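Per-chain numbering from 1; labels A, B, C and D assigned in written order.
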Amino acid sequence: MFLFLIAAGLSLIFGVLRVLNFAHGTFYMLGAYATYQLVQWMGVSGGRFWLTALGGALVVAALGGLIERFLFRRLYGKDELYQLLFTYALALILSDAAKMLWGTQQKSVSRPPELTGALHVFGAIIPHYNLFIILLGPAIALAFWVVLQRTRVGRYIRAAALDRETLGALGVNVDALYTWVFVLASFLGGLGGALISPMRATTPGMDTEVIVEAFVVVVIGGLGSFWGTFLGALIYGQVLSFGILFFPRFSIFAVFALMAAVLIVRPWGLLGRPLR
Amino acid sequence: MLEVRDLTKSFDGFVAVSRVSFDVPKHSVSAIIGPNGAGKTTLFNLITGHLRCDTGRVVLNGRDVTGVPPHDLCRMGVGRSFQRTNIFAKLTVYENVQAAFVSHRGRGWNAFTPVRDLYRDETLRLLESLRLADRAGEVAGFLSHGAQKQLELGLALALEPDILLLDEPTAGMSASETRETIQLIDRLARERGLTLLFTEHDMEVVFSIAQKITVLHQGRVIADGSPAAVRADGGHVGAPHDDW
Amino acid sequence: MHRRTLLVVLLAAALLVPPAADAQKPIKVGMPMPLSGPPALFGEPATKGAMMFVEEINARGGVLGRKLELITRDSKADANEAVRQARELILKDNVDFLVGTLTSAEGPAVSVVAKENKIVFIAPIPKTDQLTAPDKLHPYVFRVASTTTIEGRSAAEIVAKWPVKRVATMSFDYAYGQDVTKAFVEHLKKIKPSVEIVDQQWPKLGEQDYNPFINAQMAKKPEAVFSSIWGGFFVTYSKQARAVGMFDALKYHFIGVGEAATPETAKSMGADYPVGIWGNSYDAFYWGETQAHRSYVARLSRYLKDEYPSSWAIQGYIGMQFLAEAIKKAESTDSDKVAKALLGLTVETPVGPLTIREKDHQANRGQLYGKTVMDPKYPFAIMKPVTYVDPTKFMD
Amino acid sequence: MRRVPWAPLVVVAALLVPAVGSRFYTFLANDVIIWALFATSLNLLVGYTGLVSFGHAAYFGIGAYTTGILMKKLGVPFLLAFPAAGVLAGAFALLFGLFCVRLTRIYFAMLTLAFAQIVWAICFKWNEVTGGEQGMPEVPYPDLAWMGALPLVRDLRTSDHFYLVTVVLVALCLWILHRVVRSPFGRMLTTIRENAERAEFIGVHVRRYELAAFVLAGAFAGLAGGLFGIFNRGVFPDFAYWTKSSEVLIMTLLGGMGTFYGPSVGALALILLNQQIVSYTEYWPFVLGTILVVLLFGFPGGLGGALELLGRRLWRPRRA
């Protein structure tokens, strides 16, 4: 489900800015590192983990906003290849910067003490923390959906995803909107990293792996489609699990084959809409 | 020459072109007029196979060409220009027209001989008649808007068409450029014995050269006939004049 | 266009400054080793161990009156990268010898480079049998690491004593994982035929999410699990396994080879370590069997400025020790002579005397095994009791 | 104006490298030359046809595995194994391309990526054939004993002999590609890049041409891969991983995709730069990223775009 968080950010940026953000995986990694750092300072006990996770995500969100405001903005209207190249360069720089700051050794964050137990359901054991993440995914999805549907900013974002030209004509401050979209998307990526840190090791290189996974999710669900991303994340998880159960050797193969199949049959994804 | 029968196209429930029918006689100069959003460009795109129609037929020289893709259609003697200038911006003027010759004459799959001098004479001759010969070496995207429009005409003519479909050939031109272009089109059409179908917003242009006019409004044909007849008709059909 | 081309060519030419020639001519040793990512948990200390040895021997005047110089490169635990780095070390840095590589994908790949360039290559960590298998063996490759056969069989001996019948395995899908699992399964079936292998999972090397594998495995209801998930990957795996209660379900009938019980693994996991499992390690600072070992640990502790120094340093140390002794014995840095000197060479290492066999260029390197417990003396789990399993009877 | 015959000069200079440079320079030059072919093959798509492929490494990998498996496991001579790399990579490009060219822009890029990752996953996991994770080390050098009988090159090492073969083969491939982009076919590709809609309407069957370009680019990437597998003394699944695709894309863009030799220059610059940087710092990606950012902002459009921008500045006032 955490993959949904990351993919949602990727999808959001694509939906509004029409850019595939290669650095998004790096935002996810930075979220994990920032959380680790905050945990080092504050510890995880007494509910502090939530503060650190939120803090980590906010740091990344701020970084995303700054990058958009001072660098990325200057590339609008240029060939999308250059925008892509920029995000790629950004990924290289940021991940190496993380390496300089935190070294090459992996970092490990403990699970918050509130959620160290596990739930026994039909013989399967689901740790509370995983359960929390599983429930959090849809909750955040719902929250975002409400924001997109009910608030003014949400309406602008949806409008921007559909038709960018008219938006400026409506008197919307497009610049600010784009910045906020970037902030929001980076926040989601950072949050994904922050929340995954107790389950996995935080290490350099976790960004390149996750970005491809996120691409797969977004493509399956539909670039720029919100619920599509949600669906894509679910499908991705299922295909991977069943793949491991039945064809352990070729489960990653199955995932990419699915991605290719979706692109061939419905290039705009299961729940997306064709780009004009 | 060209018959259009009952063409209909809708996008997400919005009917852009509705049961449109008209004929273009051989060697005629015909125009389609109508306000913005009347469906002129959509109609063109349907005729040339860019868009797939929901219903209806397009018949060219007695042959059903409905849904034939553009690259095949232009081998059947159909040339076309676009409303928004549509050229190969980073190629030179010479290369633009030459490419059209190469493609049209089926040499495009030759992957091993140099292209540079292929159809050189034809290309230069055509540029000459378009009064672009002295700018052959310039990069097309740097030409003035009017010259780009003329070049686009050249791209269409290189296909040696029988019928030429021009979508707003004078869009965005100054009055003098418009006049020049119209004269050029008129002259070329005569010289080459072309059939001409064009859309236009400038009524003066339309009535000065068109022999037959089809009026389109909200996707429907509301008048069809000689300029005089349409002019007479225009009043009581109540077509909005504000835009023209 | 041409001006730009010219500019770039000039720029490139300017960058191609030839490396400066060394006047003192130290003996250069190239060390491709993973220094980033989860494998760095092992690779970095191993490099440090080699560096400490080099410092120590240089302080005593070096070898044959020449200093040793260690050039390390990050091989990223990737066979392609390791080959690339090894070739650059040979061609660009003109190293005389290669000591290094960590994974069993890197080892055999670099071995080929060594063979082609006729340069002695000592592998201190890769365990795959393929490295010194008869068809792959060549005069220049040597190993001071344990092997998959030794490790798998040692683990099988331990598991055979457990009251379990249904055993499952979890290993990475590459040379080391496959070989050690095969050795384990074959030996276990031989010494305890009643055992049934109920499930085998093969995540890809570097897997981050083990949950699908753990779930699939636990569905088969094993009573014991043999894992060869190593390095930083074990941290991730056991964290996820612990979260779903796997170790409790197995009643801690779990053995983690691939050095799951090293002090540094235990240390980096702290309270998250699944205390009670069995594991192994090349070394442990708390072992302290001999005077030589105690002295080594004290020196290492000072060198690394770490109260609980890493167990992996020993492999880098031993690798360099063998090379230095062989150069001394050969009285030459000529690769052919050093290679010959290494055959049958016995070296007094901090973990006792080790000998490289002539037959397969393999040292009789065993490992420490034990059940992990919490010890009030340390803030993390240790193996107790800890036993050095002599590999001699498992080597063929 | 007499044109300087740059291409033959460069080839001659390249052939002289083993004679004058150290083994390391030969090694570097070999690396650069193979990457140059790889990047140029990609440029046929990106620069000439306007198709941005994120998965070009797939064909490089297929070529490398083809030559590697044929030569190592089946003992097929290089003379057959090398063209086979191109043929098989081209065949896969045809298969994948059939689906890819139906999509546009970002979807095209994503689908090429998906196919490349499929290729990678197969190479990575099909242990029996590809060696899986640990790859396939020890791809033999082609039998170049006959070069020992030639004057001048008799005393060189096998690796130098192979280098000379590489230079000749790559020069041949580049010459063919050069003919292709200067041919009517190449011109048709350029029209597609410039304006696919218009190209369609001068009678260009856009998809079919794109497919042809895709196959051609795939085949030449395969040839580059075949050479690289031997040069690298081993074939590894990384060859087909997406990061390789992005590496070659960066080379192409860095050198300038508008020109034929741009990608080769990009390969040269990037590889040499890498060599220099890594001897100072381990943070090569950081440096590369910074260079890219500076290029993007300093010279929008990469090195190649700098000149173009100049042209556009000159043109704008006239239009206004």
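Quick notes on this one:
Criterion: contacts are C-beta pairs under 8 Å (C-beta built on N, C-alpha and C of every residue); 3 or more make two chains touch, one makes a residue touch a chain.
Quick caveat: nothing in here was measured; it's all calculated off a predicted structure.
Counting hops only between chains that touch, subunit B reaches subunit C in a minimum of 2.
Shared contact partners of subunit A and subunit C, listed by label, are D. Chain centres computed from CA atoms place B at the largest separation from subunit D. Centres computed as Cα averages put subunit C at a distance of 36 Å from subunit D.
Subunit B and subunit D have centres, each the mean of its CA atoms, that are 41 Å apart. Computed from the mean C-alpha positions, the centre of subunit A lies at a distance of 32 Å from the centre of subunit D. Chain geometry summary: the mean Cα position of subunit A and that of subunit B are 48 Å apart. In subunit C, the positions touching at least two other chains are 35, 173, 204. Taken residue by residue, subunit A touches two or more other chains at 99, 249, 252, whereas all remaining positions touch fewer. Contact with two or more other chains is made by residues 124-125 of subunit D.
Taken together, the chains touch in the following pairs: A-C, A-D, B-D, C-D.
Interface residues of subunit D, counted against subunit A in their complex, comprise 46, 52, 99, 102-103, 105-107, 109-111, 113-115, 117-118, 121-122, 124-125, 242-243, 246, 250, 253, 283, 285-286, 288-290, 292-293, 296-297, 300-302.
On the side of subunit C, the complex with subunit D involves touching residues 1-2, 4-5, 8-9, 11-12, 15-19, 35, 74, 78-81, 83-84, 87-88, 91-92, 104-105, 108-109, 111-113, 116, 172-175, 178, 204-205.
Interface residues of subunit C, counted against subunit A in their complex, comprise 35-38, 40-41, 44, 173, 201-202, 204, 206, 208-209, 211-213, 215-216, 218, 232-233, 235-236, 239-240, 243-245, 249, 268-272.
Against subunit C, in their complex, subunit A makes its touches with residues 99, 104-106, 108, 110-111, 118, 124-127, 129-130, 198-201, 203-206, 209, 240-241, 244-245, 248-249, 251-252.
Chain contact summary for the complex, subunit D toward subunit B: residues 179-180, 182-188, 190-191, 194-195, 197-206, 209, 212, 311, 314-315, 318-319.
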